[in-house]
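These are the structures, in structure tokens.
You will see two complexes here that share chain A, one where it goes with chain B and one where it goes with chain C.
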Partner chain A sequence: MRDRIALVGTYMRLAVLNELQYRANFWGSLLEGFLGLAVALGSLAVIFGHTDNLAGWSAMELLALVGIYYIMSGYIQTFVQPSMERLLRDVHKGTLDFTLTKPEDAQLLVSVRAFAVWNLIYVLLGIAVVVFALARAGDAPSTGQIVAFVVTLLLGGVIVYSFWLMLATIAFWYIKIENILVIFQSMYEAGRWPVGIYPPVLRLMLTFLVPVAFAVTVPASALVGRVSGAALAGTLLAALGFFVAARLFWRRGVRAYAGASA
Partner chain B sequence: MTALRSLGSLGDYYRVKLKTDLAIEMQYRGAMLIWLIGAVLEPLVFLAVWSAAAAAQGGAIDGLTSHDFAAYFIASLVVNQLTFSWVMWEFEHYIREGELAADLLRPIHPIHQDICENWAHKLLTMTVVIPAVILLSLVFEPAWHFEAWSLLAFLPALLFAFALRFLFDWTLALIAFWTTRTASANQLAQTVFLFFSGRLAPLSLFPPVLVTISFILPFRWMLAFPIELILGQLTPAQALWGMAIQLGWIAAILLLMRFVWRVAIRRFSAVGG
Partner chain C sequence: MSIEPVITLNNLRKVYTVPVREGGLRAAARSLIARETRDIVAVNGVSFTVAPGEIVGFLGPNGAGKTTTLKMLAGLLHPSDGSARVLGYEPWQRNHDFLRGITLVMGNRNQLAWDIPALDSFDLNRAVYRVPRAQYMRTRDELIEMLDLSTLVNQPVRNLSLGERMKCEIAASLLHSPSVLFLDEPTLGLDVTMQRRIRAFVRAYSQQYGATVLLTSHYMADVEALCKRVIVIHHGALLFDGDLTALVDRFSSSKTISLQLGEAVPHMDQAAWAAFGERIDDGEDSLIRLRVPKAQCAAITGRLLATLPISDLTVEETPIDQVIEEVFAQPQTDIATQEART
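Presenting the complex of A and B:
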């Protein structure tokens, strides 16, 4: 286990060093982060100019949800997406052979290879927004709420990772799947709002087909103290289910991989 | 006479180019469907948000019920789909890969091929957008208040909106001659567009200052104006005024584009081709 942690550390250090060559990307990420935030704040301002709640959420609660959406997007764009895109490229070119022949778990290796460090700015921005929203809302969340929030956020992270890995694994059978990632991205955008506002079919899709509900709405509900024990248990089960399913699917995928050199 | 002949040959060019582009687009049917999910989902999200807001306020906001919002955002989906372009996202690649250098040798302005590609894409995507609109209409029961004259006036307004937005995007794309960070510029333009075009919400719901600004900026005339026209919210005088403003903007941006293009080409140098 200690070896594995050291291994992940080394990979990440390499990835950071690699990314530090492209410092201009920092400004791009920063600008895009602020623009996205401007859109979110502006739309909240326009909507709450006409109503005092949206499906039971107050303006500051929704702002906290926006912050959580940012934290989750930052996590995806820093850790998950770059590695998965690298995996797709490797499958496409046949260079995944070099990873599969290493004496370490291949799923672990493909999951930590790329690390777009500049996108961590979204995580920081998201945390700032959450803190601001909570401060403006007045009463601070209880310890229980904070614990539930952190736990559901971590579980949401596991679910999103597993989901991306499953998507990327499809590439072992169908080489060109970049477009599937586009679907995920456009559906993920819907997570800027609590899934409760959507019509039932869309809500189901956003919960199980593209698990935005677990990634954003559930942690936000936990933070504002509106999550039931059943929802918490459901999130835990979903995280386990997604993770195991991704693992099994990955194994099958690797078996189906033909390689380029073989 | 030569002007007439060159117009005729331009017509020939469009006919052939449109046909090839359609054939090319057909090859990417799957990708096209996937992109459309995003195009349909965005107005759907805004519709859900405003419907939830209307529900929280006892059914209507400023007299707009969820059925009015449905009509607005379904119209927005169609107008946005018909007027949008992607040239500004591709121009950087187009310059860097040397494709532009080859196109400059042709006796025809490169904007024409972009128009053809755009139209081919629109023609093909309409086969999916129309069923999507019918489906959304069945689910959300939009409140349409069509009038014969405004339906008729909608067509030129839509055409002008396309021309205006396309010229704007094409001029924006020319930034690629000066910088390689075009993504940030595009993102910025897209953000301003989202607010002032009426894509986020009917502009009448915005605070008065922003509404005034929206009348001064070109973006309302690219999207909100045709939408309001087809929804029957404008008087004939307002419709005529709107089209006059659209034409004014088209002329202004066309002049700007020609100027920027000339300066850009002068500083452009390419190797090989």
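Presenting the complex of A and C:
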């Protein structure tokens, strides 16, 4: 286990070194982060100019949700998306062969290989927004709420990772499917709002088909103290289910993999 | 054989199922719904063994099944049938001890990170293969020395030439001191000098570490320089397994006579030469080259010497790449009958 942590550390160090070559990416991420945030705040201001409650969420609670959305986006764009895009490229070019001949779990290797360090800016922005929203809202969340929030956020991270891995694994059968990752990105946009505001069918889709609810709404609900024990247990189960399913699917994919060109 | 082989293949077979469709929009639309597939036999029951420390040339034209076989031996593909053992393991189980004992180098693909110095990528392989740091430093410095990399490993890989990059790739693949090397076209696209250096390195490495090497290459010079033994596959089946010289004996039906005339002989036009053998020189300088059937070589040489004012004459075996070319040019059925005859 300690070996594996050291291994992940070595990979990250290397990815950071690689990324440091592209300083422009830092300014790009920074600019994009602030622009996106300005748009999100603008739309919140418009809505709360007409009402003081959206599907049970107050303005500051929704602002906290936007912050969590940013934290999750930052995580996805820093760790998950770069690794999965790299995996798709490797399957297409056949360079995944090098990963599969390494004496280490291939899923672990493909999951930690790329690391877009600049996108951590979104995580920092998100944390700042959450802290600001909580401070403006007045009552600080209880310790229990904070613990529930951190746990559900971590579980949400696991669920999102598993979902992306399953999408990327499809490449083992269809080789060239770069577009498939867009499925997640476009649906994830919907996570800017609590899934409760959507009609039931869409809500169900956003929970189980593309697990946006677990990634953003559930942690936000936990933070503002509106999550039941059953929902917490459900999140844990969903995380386990998604992770195991992704693992099994990955193994089948590796078996089917033939490498690009013989 | 008293020595346990390192690599054993027993009737190894691989069938790919590939989608097929006719050209045109309608066929494309149809294939969206129901993909038609066809089976392609890439490797059709290949068996051989390789002893420890051997360097074996693995030859065949494009699409003969070389890379598929190598991939099965490196654990990347499951065979459709048959069995194989490498270092005592079934490769496709991908046992970690097995993977620590082998390496795969592919001339057309690279594993080094593009934007950082090779030295940093080396460190990654140290971590993945769990090489103890002291041993890693020793091996790394040895490889840097043997491949003359000291000025290259500190530069971002993207700044290196193709040949320099390949040398770094090879070093990266050997940091865990594997005892079985699968080299798939390691000299692809390199200039002659660089090819020669890589060849010399492979030989030195194998001698120093007793490593077993299975090498595919389209450059016969690689094979001639490194491999005493060659295995030829064609259309997925084993065509020849033995000494390189035996391959030439068996498949080359001709020899080449090169000669120079001491004085001009006006009556020797194209038709007159054809009575001795096939002219294969370009006719521009005074050197004349004739291809003659092997069995009649001595007789023809005698006749030439007796009838013409010859100042110089040599008899050569057909060059190896020409032999290989002839072998590969044969359609499948010819080979089958040849197999049956021998």
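Simple rule for what comes next: the second predicted complex is superposed on the first by the 259 of 262 C-alpha atoms of A that agree within 3 Å, B and C clash if a C-alpha of one lies under 4 Å from a C-alpha of the other, contacts with A are read in each partner's own complex, and residues count from 1 in each chain.
Simple rule for what comes next: a residue touches a chain if its C-beta (ideal position, glycine included) is under 8 Å from a C-beta of that chain, and two chains touch if they have at least 3 such contacts.
Predicted, not measured: the structure shown is a model, and the values here were computed from it.
Q: With the two complexes superposed on chain A, say which partner A:D3 touches: chain B (first), chain C (second), both, or neither.
A: A:D3: touches chain C, not chain B.
Q: Determine, under the contact definition given at the top, whether A:L109 touches first (chain B), second (chain C), both, or neither.
A: Only chain C is touched by A:L109; chain B is not.
Q: Now for A:T143: first (chain B), second (chain C), both, or neither, which partner does it touch?
A: neither
Q: When the two structures are overlaid on chain A, which partner does A:L14 contact: first (chain B), second (chain C), both, or neither?
A: second
Q: More residues of chain A are touched by which chain, chain B or chain C?
A: B
Q: Tell me the contact category for A:A190 with respect to chain B and chain C: first, second, both or neither.
A: A:A190 contacts chain B only, not chain C.
Q: Considering only touches as defined above, state whether A:T51 meets chain B (first), chain C (second), both or neither.
A: first
Q: In the superposed arrangement, which partner chain does A:S228 touch: chain B (first), chain C (second), both, or neither?
A: neither
Q: Once the shared chain is lined up, is A:G42 touching chain B (first), chain C (second), both, or neither of them?
A: The first partner, chain B, only.
Q: Can you check the complex and tell me which residues of chain A touch chain C?
A: Against chain C, the touching part of chain A is residues 3, 6-7, 10-11, 14, 17-18, 21, 93-95, 97-98, 100-104, 109, 255, 257-259, 261-262.
Q: Mind pulling up the chain A residues that touch chain B in the complex?
A: Within the complex, chain A contacts chain B at residues 24, 27-28, 31-32, 35, 38-39, 42-43, 46-47, 49-55, 179-180, 182-183, 185-187, 189-190, 192-193, 197-199, 202.
Q: Please give the residue numbers of chain C that touch chain A in the complex, ascending.
A: Going by the criterion above, the answer is residues 16, 42, 63, 65, 67-68, 71, 74-78, 94, 96-97, 99-100, 102-104, 106, 109-111, 113-116, 120-121, 123-124, 127-130, 156.
Q: Which residues, counting only chain B, touch chain A once they are in their complex?
A: Checking each residue of chain B against chain A gives 30-31, 34-35, 37-38, 41-42, 44-45, 48-57, 61-62, 139, 181, 183-184, 187-188, 191, 194-195, 200-201, 205-207.
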